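Listed next: structures, encoded as structure tokens.
First chain A sits with chain B, and in the next complex the same chain sits with chain C.
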Partner chain A sequence: MLQIKPILSMLLRSKSSPLLLLLQIILSVAIVANASFIIHERLALMDRDSGVVEQEVFDFTMYSFDPSVDLVQQQHKDLQLIRDLPGVKSATFSSMTPLSGGGWSSSFTIGTSEEDERSAPNSAMYYGDEQMVDTLGVKLIEGRNLRPEEILPTFTDSGVKGIVSKAFADQAFPDESAVGKVIYNGNLGEEAIEIIGVVERLQGAWVNSDNLEYSVIIGVELTNAFMRYLVRAEEGTFTRLKEQIPEVLHKDQKNRVIQNFTTLTEHRTSVYRDHELMASVLSLMVVLLLLITSLGLTGMVMFNIERRTKQIGTRRALGATKRDVVSLFLVENYIICLVGGVVGGLLAIALGQQLMQHYDLPQLEWQYPLATIVGLVIVTTLAVVFPATKAAKISPAIATRSV
Partner chain B sequence: MFFYYLDLACRSIKKTPFLSVLMVLAISIGIGITITTLNIYKMASVNPAGERSDKLFAVQLWSQGEDSWDEFNPQITYQDSFNLRRGDIPVRQTPMFRTGGAIQTDNPDLAPILEGVRVTDSDFFSLFSVPFLYGQAWDKSVDQQAKYEVVINADLNQQLFGGENSVGRTLYINRKPYKVVGVVDHWSPKPKYYDVNNGAFNDSEQVFVPFSLTPIEEYQSWGNNQGWKHEDTRTVAAKIVSEQHWLQYWVELKDQHDVELYTAWVRSYIEQQQAPGRFNSPNADVQIMDVADWLIENQVVAEDNKVLVGLSALFLVVCLVNMLGLLLAKFLKRAPEVGVRRAIGASRAQIFSQHMVEVGLIGFCGGIIGLLWAWGALSLLAAKFELEQALTSLDMSMWLVAPTIAISAALVAGIYPAWRVCSTNPSIYLKSQ
Partner chain C sequence: MLSMKNINKVFKTDLVETHALRDFNLEVKEGEFVAVTGPSGSGKTTFLNIAGLLEGFTNGDYFLDGVNISNLSDNKSAAIRNEKIGFIFQGFNLIPDLNLAENVEVPLRYRGFSRSERDKRVKQALEQVGLGARMKHLPAQLSGGQQQRVAIARALAGEPRFLLADEPTGNLDSMMARQVMELLEDINKAGTTIIMVTHDPELARRAQRNIQIVDGQVCDFTMYQGGQPQLVSDNVQAVS
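After this line comes the complex of A and B, so read on.
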């Protein structure tokens, strides 16, 4: 029924136009497969959960420029003032904000003696007080939270308590509970942090880092001239609070600049902006490429069919049904499409390997070329059916008149 | 003859509107995508130092111990920058870092403004060719004998002093009075090549203060600080004597000879420092790079951009193959007409050039429309992703680049179809007329 042999010989005899179609399909498959793979990979990155209740949390910075102010006392007062505002659920000072692209990190030392001394993975350091866990909204899955009296005014060699993310705990202390263990912020024995709890998930600030999931909350007070605060408030109160907080704090002490109120949602958008940009541009490219390829296919097929009107008429006169004519063109183009698809798929993998070698991109997965070929088959069908049906409608008498 | 062909081309395009629109669309989209990515790439990789690019050098030192970082850090330590300042080979040189503070004036109605401040030597301004609106840099003697003097950028001058000549006026940084000695005329190179580690596309600082004030005022670093060993660096006093890397260092050297002299001089400095136990790695050395290399080394152009340019070039190729097919279809359909023209005396060369003119015209239209696509795409990207203006404004050169690429690409695609049609044998077509 599908006369592949005559179609093949027909294709082989007409030189240029099927070849051009083939070339176009090969290139399209190679580009679309790689582009959609990159898109998928970026979207997967952006989809990761930070562990934080992002819609309720915002941060701001404060710069105190009056040297006569007692920063420690002022900070206690400030935090109380913020926490007393209506709508605020909890608040803390912090060394950094998740997903903000900037912050503190350190590789902690672990071990009990020089023999088993090793480095824990480089992880984000969240200095904060007993409200840090609630402010971020991270879920404590083991151990307990920090208590107010456990927040120390400065880092000392012992007595500091901390909470780590599960990813950190699993990496630093595989096969055993991290609670009760000690990590050192320095050489062995220096600036010990006793782990008292583990949270399910807490990301750091650098979304392109392999160590994004490793975080440590440290119960040590920070009182610098330049400070960052994290606030968790009911949804919808942000616009009011960003006016109210500076007002209340300035009333208490005016020699400081309070600014940069940013929600975590905004931080997320800006930190993933490059990835979103890449994914958008590539999506646009894929859509346009498919559009161009299908338009080109349609144009070529229309031309081919028009040129072969007499042939169609002859076939019809010799007893071919309209369906036969349409399927003839479909099969012809499927052959081109599949050959192009396979070659294009191989090219896509080769191109993917080049990209992987030269740029920091992961290996292309085989599903992407395959999906592209399937997409192309659909596009081909659409591009062929319309002109072929039209051509098959021509009466054999007209089509063969001048033969 | 050219205009006659142009006229023929217009008629031919009108005769097959669907195919022609398809071709123009294909090439314009290809050009649009290519120009968009090329523009972003070009804007990101522009070398703002211009012709001084090969005279300005960033200095890096391998001062880390063994078994720590395995490459040069882009920044150096305070003690090294302090010592390098003594060198007399460079024409100009300056250490620098970013700090910040609350800015106030004598006007009590003005709320304090938090601004980034660059701490640097007087050479900074001539080294990077900073233009002055009023006044000038502080005197060279201030680099040794610290004085509370400040240079501000025009935007801040507008904000603080209403844009008037503010030289001689006083402003307060963290409540300390500084005398304004100069106002910079809107200067903000993109990329910010003198400090690419702390936001390569950020605006320049609005305030510049003398480096010699650092130990007195204990400016906090507002940039990246990297240490390779555990040290207490919580106070500026401790940081100044530490091994932390947090300053940028630039020198201006007038020729290759001086580059070698300077490198040798820094190496001898490294040897001196090895006596008290610093620079104890076997790799201890100096590396100096001019602006162009510096931008590449610090990957100011994101890899994503390169991938995009590559993919869009391939995209353009697809568009061309597409166009080639369509042109072939269109021209061959016209073979009978060409047969008649050939029979009444047109040479092959004439037929060929007639068709090439038509292809060129299609390419030109595609190029112009492609530019419009690119302009639209760039504005859309700028609005949606709040990209820096510097990256998304359509570069003037693109007005030339786009039609050139479009026409030459179209001509390349047109060669085969035009050759096919001019090599047809007229007798075949004449027979069936």
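After this line comes the complex of A and C, so read on.
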């Protein structure tokens, strides 16, 4: 551009105020780039698909305090009563609820002898019946679903059938189909689970876990005094069903506490609350930093206009057009902004590496400092154009004023 | 070269109307050296601003080098100022953060000259005012007289037809004032038309022609030949 060299000379000779602004920009870029990256990471985490039709599924808990009740028989009756309610598509008992932040997990052993024994990843463990797959709405992509007669009353060393998530299958049996394979819940040979199906996706309960995508559903009954049920129902029926379910179940057997009706959508909101808060706070910080930077830029331009009124008038007298005056301020601030942006970008990468080392964060991608610099150029333009346009209106006649 | 006919300049505020120039008439021929004097508030600066296209006028006709100046766009005015007029200000008006060469280069950049052309002209202009060896110095490193010479170099670098000087020696001591005046005389001898506003009757007398402005009108018109004053007219009209 026409005026870069003399403007650069001017900036180098009037160090103090551009230097302060430069420091502000460097720090802003370093912080904004990393904050934007963290925000994006958090939003990406929150955006992950659980594999479950969350808008249709809810859970509730039941505590039976009457020791005389036959829990096995009662559970069969309860499930039938729930499934018969209008709007209910399917229902099952379960050891856990996806995205709830709590549940059961287990590590598994694979192999046929001690020589080829290896570990499968630690996974969420869903105890459920033949309606578990339908209740969660997970998509079976290989093998078949559990059959009612395959649901065993207790965990035995053989005969238990299971369905695994594709992530688990790929990890445990990378080069072959998982269907027909056996995994052991504990040591080799103990509590064998035969894999009969694979679902496309099913997350566990712990969203911050690296093993979130690894899940195993097993066809084993759970009949404790404290139970959890999962229900899939038509959308819009939740409010009615959370009244009706306790009503029909209490009618059949009143000595129990039925509560904690929670939709999967509510579980998701709750389990990702920290991430959402972090993203919101960081977003606010990014906006504030950009605002402060733009105010700094506007302030400096206004200060310079005040300080250089006569100089601007003289430039106009010497032939500068209004556009030349605006571009003088723009170029001047673009130089500060780009130098600050590049140094700030390098600092952002250094800061990102520190964050990566000390906290559980992935490496900052180079696009973030670059996008921050682009954003900064836009902010600079907006912050500078208005006062500079005002400066361009300074009359050239100001040059002949003696004071 | 410069022709003003019935120029009026009225400043209006909510309460008063001030006539800075009233039916102002002036003709300046090419190559003349005209000194403009007058008491404070007489309209000298307003005349200079209008002559230099630094501000507009309320009505009248103004032709500069054959161009009708009335109703020119802002960009066109800037271009004429840049190409045809050189300015010398009382306070020098150099840009403190630019060195001498960069200061002289300012109007040349606005003209769009190539780098080599700019470098050539800057060097030539600074050498003409005797500061060719100090191109990299900052204005603050120079005396007032030297700073004014830099301002003259800046005005000359664009090779203007017409030089407007506003109290060019007003901030200088007598020795430096004399040097600057000699420089202006040399420039005039080389063919550049000069209009100089001054308070100093000594300096005014050295110009070829001396006009006095009182209450926004040309009220006295004196031509000096060979340093001897001759009253040509005491009328408002100034015709040469």
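What we mean here is this: the second predicted complex is superposed on the first by the 399 of 403 C-alpha atoms of A that agree within 3 Å, B and C clash if a C-alpha of one lies under 4 Å from a C-alpha of the other, contacts with A are read in each partner's own complex, and residues count from 1 in each chain.
By our rule, a residue touches a chain if its C-beta (ideal position, glycine included) is under 8 Å from a C-beta of that chain, and two chains touch if they have at least 3 such contacts.
The structure presented is a predicted model; accordingly, all values stated were derived computationally and were not measured.
**Q** Clash or fit: what happens to chain B and chain C when chain A is overlaid?
**A** Here chain B and chain C can both sit on chain A without a clash.
**Q** Based on the superposed arrangement, let me know which partner A:Q311 touches: chain B (first), chain C (second), both, or neither?
**A** Only chain C; A:Q311 stays clear of chain B.
**Q** Of chain B and chain C, which one touches more of chain A's residues?
**A** The larger set of chain A residues in touch belongs to B.
**Q** Pick one for A:G319: touches chain B only (first), chain C only (second), both, or neither.
**A** It touches chain C, and chain B stays clear.
**Q** Just to be sure I read the superposition right, which of the two partners does A:Q357 touch: chain B = first, chain C = second, or both, or neither?
**A** Touch partners of A:Q357: none, neither chain B nor chain C.
**Q** With the two structures laid over each other on chain A, which partner does A:D66 touch: chain B (first), chain C (second), both, or neither?
**A** Touch partner of A:D66: chain B, not chain C.
**Q** In the overlay, answer first, second, both or neither for which of chain B and chain C A:T239 touches.
**A** Touch status of A:T239: no partner.
**Q** Once the two structures sit on chain A together, report how near the CA atoms of chain B get to those of chain C, whole Å.
**A** Comparing every C-alpha of chain B with every C-alpha of chain C, the smallest gap is 11 Å.
**Q** Hey, what residues of chain A end up touching chain B and chain C alike?
**A** 402
**Q** Applying the document's contact rule, which stretches of chain C touch chain A when the two form their complex?
**A** Contact set of chain C toward chain A: 45, 48-49, 52-55, 74-75, 78-79, 81-83, 87, 89-91, 93, 95, 97-99, 102, 105-107, 109-112, 138, 154, 158, 166-167, 170.
**Q** Where on chain A is chain B touching in the complex?
**A** 16-17, 20-21, 23-24, 27-28, 30-31, 34-35, 38, 63, 65-67, 186-187, 190, 224-226, 255-257, 259, 270, 273-274, 276-278, 280-282, 284-285, 288-289, 291-293, 295-296, 299-300, 302-304, 306-307, 355, 359-361, 402
**Q** Using the touch definition from the top, list the residues of chain A that touch chain C in their complex.
**A** Touching chain C from chain A are residues 2-3, 6, 9-10, 13-14, 310-311, 314-324, 395-397, 399-402.
**Q** For chain B, which residues count as touching chain A in their complex?
**A** The contact residues of chain B facing chain A are 18-19, 22, 25-26, 29-30, 33, 36-37, 100-102, 112-114, 174-175, 220, 230, 302-304, 306-308, 311-312, 314-315, 317-319, 321-322, 324-326, 328-330, 332-333, 377, 381, 384-387, 416, 420, 432.
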